[in-house]
Structure formats: C-alpha cells, structure tokens
Amino acid sequence: MSYVRNAWYVAGWSSEFDASLKRVVILEQAIVMYRKADGTVAALEDQCPHRLLPLSKGKLIGDDIQCGYHGMTFNCEGKCVRVPGQDNIPASAFVTNYAVREKHDIVFIWMGDADDAVEDDIFDLPQFHSDQWHAHQGDALHLKANYLNVAENLVDPAHVSFVHPTTLGNAASENVPVHVDTEGEVLVAWRWIRDAPPIGFFQKFGGFKGNVDRWHYYYLHLPCTAVIDFGSADADRNLAEESRDEGVRIFALHFLTPVNEHYTIDRWMHLRNAAVGDEDASIQMDKLFRVAFNEDKEILEAIDEQEQMVQTRKPIRLAIDKGPTVYRRRIDAMVNPDYS
Amino acid sequence: MSYVRNAWYVAGWSSEFDASLKRVVILEQAIVMYRKADGTVAALEDQCPHRLLPLSKGKLIGDDIQCGYHGMTFNCEGKCVRVPGQDNIPASAFVTNYAVREKHDIVFIWMGDADDAVEDDIFDLPQFHSDQWHAHQGDALHLKANYLNVAENLVDPAHVSFVHPTTLGNAASENVPVHVDTEGEVLVAWRWIRDAPPIGFFQKFGGFKGNVDRWHYYYLHLPCTAVIDFGSADADRNLAEESRDEGVRIFALHFLTPVNEHYTIDRWMHLRNAAVGDEDASIQMDKLFRVAFNEDKEILEAIDEQEQMVQTRKPIRLAIDKGPTVYRRRIDAMVNPDYS
Amino acid sequence: MSYVRNAWYVAGWSSEFDASLKRVVILEQAIVMYRKADGTVAALEDQCPHRLLPLSKGKLIGDDIQCGYHGMTFNCEGKCVRVPGQDNIPASAFVTNYAVREKHDIVFIWMGDADDAVEDDIFDLPQFHSDQWHAHQGDALHLKANYLNVAENLVDPAHVSFVHPTTLGNAASENVPVHVDTEGEVLVAWRWIRDAPPIGFFQKFGGFKGNVDRWHYYYLHLPCTAVIDFGSADADRNLAEESRDEGVRIFALHFLTPVNEHYTIDRWMHLRNAAVGDEDASIQMDKLFRVAFNEDKEILEAIDEQEQMVQTRKPIRLAIDKGPTVYRRRIDAMVNPDYS
C-alpha cells in the first residue's frame, strides 16, 4: 500500500539501539540501524545492492557495514567504500541513507528523502521539559492490524466505555456526546464526563472516592502520533476545561509505526503530573495500560481479519466518526497529493 | 467460490448452542449464533456494519447483541435498536438475519434470503420418529477439503473396499458392480455383496459368523446431506432388497457444512434398528466410524493438496463415477441456474 | 517457474529408496518412487488420473501400485492394468513414467520425456573409479531458496572469505582475484591463494603448520551439479596448477534438486585423496562441511526473503560475478531455447 513518506516515524526507544546491527521494517522498507562510535544512530537500506543480502546479516567494522556475502563495505552514509577483488567502485554501489534524530530517548526516522527532512516536525511536548511532569516509556505493542484503523481508534473517545469498561471507561460515559475539532493541524476529539464515579484508573491513581469530573482529549498528530490527555478532579471543584493541570492529569502517548498493510507497532509511553519520581507508580500504570491496550489489540486484530472477508456493502458512518473520517481523508490527500 | 445458497445447512448439533455468542463460518459467510430466552436459536451476520468488528466479540444483553467496539446494539432480527451517542438510527444500520430451525437436536440454517426459506426442505427421516430405531450423534469432522469432493465420496460405494478395508469394506466387494439411480431428487448408488464373509463392523454388531448378504445404499440429498444405509443378514435368508429392515440395518448420516473452498465440516450421526437404547453400543460404533471417517479424511485432504498443483490434463471418468458426475452437474445447475 | 526439463537431477541417495512408496517433488512435479523386485528404482507421476489422489498414498503390490481410493492399478511403466468394477481400461488411464538411473549410489531422474533421456549426460568423475580416492555421502540440505541462487553460490569463490571465515576461507584471500573460464560446457571459476596460513579445514586435515598454497576450483555442470575442487600443499613446494593431486585434494560435490521456486535440496558428498578408507575422517569432514553449508543456507534464505520485498532498482554486477552471470544466461537459453 501507499504511505506518507515525508514524515518522522518512531524506529524505537533509544534503549533498543547499540553498536550492533538491528533490522527494522517500516512502511514495508527494510532498514538496518546501529549506534555509531559518536553515539548517534545510523539507518541504511537493509539490502546490499549486489546480491540483496540484508546488510544486517553482515559485520559492523567501526561505523561501516561489511556485507556478509562478498564483503562490499558501506559507510554510515550509505556510500560504498570497498569492493573486495576490484579497485574501482561502481557509481551504483550505494544504499539509501535515512535521516535519524534522537529526542527524549526516542529514535525518530524520516522515511522520505533525507534532504527533505524537516527538523521542526519532530514530535515534542512542553511537558517533556518540565520537572512537574514524570515521563515513562511503556512497551512496543505489536498489532496484526492496519495502522489506519489503529490511528482512528486513537481519535475515538466513544469506544472507551465499551472496550475498556474496567480500566479507562465505564457506563457513565456511554451516551455523553463527543466534541471534535478538525480545523487545526492536529485533530482533536474530546468529552467531559461530569459528576460521575471515578473509573478504575483514578480510583487507583488519585485516590478519588466521591464523584469526579473526568476528561478525555484525543490529539492526533498526522500521520502517526497520538496524545491522549485524560484526568479527573473532584466533581465539586467543577474544573474548567483549560484548568486540567489542577486535576490529576495523564498523557498517554502512542507512536505508531506501520510495518506493512496488516502489521503495526504501537510504542506507548506516559507523562503525568502526579506521583512524579515514583517509579513504582509508573510500573503499576504500565500494568493497567497493558490491560487496556490489549483490549484494543483484540478488537483491531479481529477487524483486520474481518475486513479481509468478502464485503458486499460499504461500512456505515456515525456521528462519532467525525475524527476518524477526517483523519483518513487527510492521510489520503498526503499520500496522493494530486487527489486532494 | 459460488455455493447453493437457497438450502438448509447444518450449523451444529443443538448442544453446541447456548446463551453465548458463537461464531460460525458457512459458505464463506461469518455468522453469530446464540440461543434466545425463548430457547430458539438466532443467527445474524457476524459483522457490525459500522467498523466491521465481529458481533461475536460483543455482549449478549437479553436477546440483543451489543457490539464490543462502540456499543451499537442489534436485536435478534438484525435490526439496530441503539447507537450510543446519537438519537437517530440510520436506515443502513442492520445486519442480515438468517432463518434457523431446530429438529431432532440438529440446528439447520437457511443460507439464502430468510423469506425464501422452505420449511418442507428441512431434512427428515421416518426412522427419527420410530421407537424401533436408535439415533445417536457422533462428531464434527473437520476436513481441509472442498465439500464437492467430500459429497462425491458419499455417493461412491466403490471406494469402500480400498479406503476402509478393515471397517466398512473388504476385498470381497472389489469387483462387484455399482448400481446408480439419478432420476429422482435424491441420487442413489448401491450394491449388494451376496454370500461373503461379514465385514469388521458386522462381526462386531450383529454377531454374524457365517457368510452374509451385505448392502450399501448411498443416498445423496442435494446439496449437502448423505444417508448411507448399510447392513447385513445371514446369506441363507437371501434377503430381498426391500426387506432390509429384517437384517441389521444402520444409517450413517453426514451433514456437510462448506466453510470455504478448502474447508468442510462433516457432522455425522447414526441410526440403527439393533441395540436400541444401548448407549455402550453407540459409543463402540462411534469408535469404528471414527477410524473409517479418518480414512476418508486422509484421502480427501491429500486430493485437495494435489488439486492445487499445476494440472496439465483433465481427470478421467470411470463407470463408477456416474453418481459423482451427476451430483456435480446438478450442483453447477443450482449455482448457475442460467447455465443448466 | 520454468525449469530445464531435459536433464538428470538427483532424486536421492540410493539408501533413500526401498520397496515402499516415497513421494518426491522435483521441478514442481510430484513423483512417486520405489525400488522394484529386480532392485532398480521406478518413478511415476504421483497422481492417479482418476481423482488425483497421490499414488504414494496407495499400496505396492509386486511392482504395481494400487491407488488407495478406488484401486486403479498401474504397473512400473505407468500403464493402467486394472480398473476395479469394469473390464475395459480407458486409453487415458496412465501416469507419466520417468527414466531413472543409479550410479555410484546416487539415484538420477530425467525430468524430460523418458525417450529423450541421454545416458551419457549422467554425472560422473574418474575419481569415483579410483582406489586412490575415498568417496563419502553427506546430507541433504534443505534450503528455502531458489536453486539459481544456490547454484550461483557454487561458482563463486569470492564469497568464501566472508561467509566461511573459520572453515573454508580466511582473510588472506579477501582481495585475491578470481579467474573464470566460461568457454566450455562446464563453467569454472578458481583462485590460488599462495603462501598463506592454512585454513581451518587444512589445519585439521593435512596437518599443515607453516604457510601453504591453497586452491579453490568451482566447476558448475549445468543445470544443477557443482564440483568444488579445493586443497593445499606446502608453500615451499610451489605446486603447479596441474599438479594438484600431489597436495591434499578434496572434491565437494553438490547435487541441487529444485523443488519449487523457493525451495531447493542440496545433496552434498565429498571425495578425497587423503585419509582413504578412514571413515572417522569422513565423519569429521561432514561436521566441518555442515557448519560451512549452514552458513551458505543462512545467507541464501535471507536473500530469498529479501528478493520478495518490493524492488525499485536492479541489482548491480561486480567483476566477481562473471561465472554467475554466464550461468544464469545459459540457463535462460536452455529454458527458452528460442530466446538464446
């Protein structure tokens, strides 16, 4: 399938890379990645142009990769620097070099032409830089599902009551309408559930006993990054929308990496303004998130299978689909700019 | 592939259904089935028209199914009765409803339009209603094979000597010619092996020691139900064809459920006029049938694999193929009535 | 894919065949093979022309095969000799019969029309007939790879330093140029590494301590047989190319059997002029070869997977590719003689 190439995707957490050759597949492209002597991460096409052996099957010599078949050697920019048995190096002896940046312990890769990489597009949040906030990396969730469905699920507050009834949602929110703003670069869908019992998550974190006001804001940064801002505050405080920092506030971040049409990696992490510095709390949150995100995984994988059966009519669209619908339309326009 | 849709197929034994959601796939259609409060069985398209999640991943609330993704709720007729977060229900919010009937502890489903279902076409046998006969349900045999080959095997007495030499056949029958009658609605192939040693089955059930007359009648009810009437009587009685009830007589019933082009479920059961009420005998018969039907399974799965290899000439047809040939021609005509 | 049909392929070692039915797949053709009463090996199309059941699922009766479905019986020439239940045997009731020859405990099969089989084309070597030489059969290495890539690897001395650094090669040879002769029927690529430390293989066999002259000759007999002549002699003897018999000399033979586009069996064996009659040495050599050939397997399977990813440019060709390039061009001409 076609993908948005001119964008940063997450290739992995920083901890996933060292001075060994790691093969990753992103947008159906095979890429070999490794940490260079200077500590930065390199990314090259993972295929020798000679006999197509993945370079990740070869050997790292300094910052160069020697192919494991005939010893052709490429530097970290993809330039061939040695062809054993001959002196001249053909002009076609190179591999694609990808732009890579590391930020907040996350390794981003630009999947378009390296020269077109836009530094300012790398994802960031002010909360990463604040000592009032605590950041913690979770897991890499592998889903046998198309990334478009995974992303749409992340700008869709309406599923929470039904998919996550014991963790992130409960029956109180089933009929609460969803607000959507699709004007800006970032799509947003949100709703407040006012004066209702706290969900499992905020019974555990926040220690709320009486009713609370609870919010869910779903920010979708195209093509593949989602920020879910959710939290709670005592209902009698009647918190204003813009005062969410005064409640217990959590950001769940999802970095989606499309592997191929039916495979997506969702690397998720969280930031919070409570229990700062408390790694025990982080680990307990991970556990709750794991339960919830595996609920999504079950749904999304079942849909992927079902979509592959013969279909005789078009899916119907509901009021709650505004965010997903605009998301897919924008992705289509990014992939095929002529049709937008 | 194309199937005969306007027909009853077996969705399962009655015991397979209760007040939980069960996904079945028949003729490549995904269907969710469950037992309603009134005890009858419902069958709906197993796919929410919104995001395509199988409804079987949802929740049964009374007789309604609530989708596990966004809570759209369908009643047992497939009508949408709730869309959380909006008041109006779109006209396109429905799922297909299938006609279901239960008879003799077997659940039948009509795979065509429910309004076209023909009550009288549901399979029945007078012996089901007689207390001289004992009925017993066997297994659901899963075969990686096309249902047409499985059905043809059930109107084919000639294979018995070679595929089932120790259970249902023996060398005595190898050259005995097969009679075939393809005039009526039900195809019949049969042969009598007169004055020969009893096969394993009738050594065990019937207690025959000397030579017997043995018969095999294969009745194929299109598209997918077979009745194999077989039995034995002492050879010196020289039993007439129409007096088979005077011998030890067994009906093996096969209800074929085509799942897809390469997968068929064969639910088999048996009725007999001997050892009535003796469940120990039923269990011993099951054991013998299991051996025999697994012999068929091995043959039919090997053929299915072989058929997928490149073929350079057409299979040849023999005298024994009259039943199978007419069967396939009639199925073709039912699937493509214009070509008949 | 298309294959060279008019050629002898190895169906197995002699020890693989006895009086039981063995299914093999060669060039995507299913074949049933067995040893006849007279000790020779028969090979027939492994598919009954009636219902396509593999004959290997049937029964050997004398030298005839009785199909396991309806008992059609074929003699060892593929002629039908019995159709149970009918007297006449249709003219179309036959299966293809393949020409088979056994030589040096190897079973060869001619994949073209049996009448076109060319006796003189069966592979042979004078060393098989000499008591100065010791022959020993190794394994059947199964590779998930296209046979063309496997064959090209066998006329490619340049990969040895990189793929087999501890067994068959070492760094001393990395830059030594390769000679290639593609004039004759047999393609040859070779190189001498003069006055260098012995490789692991000849430290073990030969007991060389000081520097040696080492040679590798790769002979590729089209379509699918390779002879790798390699050896060593003390460097101060300065051995002439034609005097290789005076050193420790080993022939590694590879018989490639293409199963399908992505599966090849490489049956390998060795002959040597040292440690004649010493089966312990043979077993130790097997161990070393196994290590080395599994290194090839890892490379070739990784390439096969990588080739199936979307490719946007043509692979580049290097000076070392002369042998492989001519090999593939000749195979193309043999498969499509009109295009040559």
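General observations
Going in written order, the chains are labelled A, B and C, and every chain counts its residues from 1.
The definition used in the following text is that a residue touches a chain if its C-beta (ideal position, glycine included) is under 8 Å from a C-beta of that chain, and two chains touch if they have at least 3 such contacts.
Because the structure is predicted, anything quoted here is derived from the model rather than measured.
In terms of the stated touch criterion, the partners common to subunit B and subunit C are A, listed by label.
Under half of the residue numbers at the subunit A-subunit C interface are used by both copies of the sequence. A separation of 48 Å divides the Cα centre of subunit A from that of subunit C. Counting partners per residue, subunit C has no residue that reaches two or more other chains.
In the complex of the two chains, the subunit A residues touching subunit C come out as 28, 30, 47, 49-54, 57, 66-72, 83-86, 90, 92-93. Within the complex formed with subunit B, the subunit A residues making contact are 149, 158-159, 161-163, 174-178, 298-299, 302-303, 306-307, 309-311, 313, 315-320.
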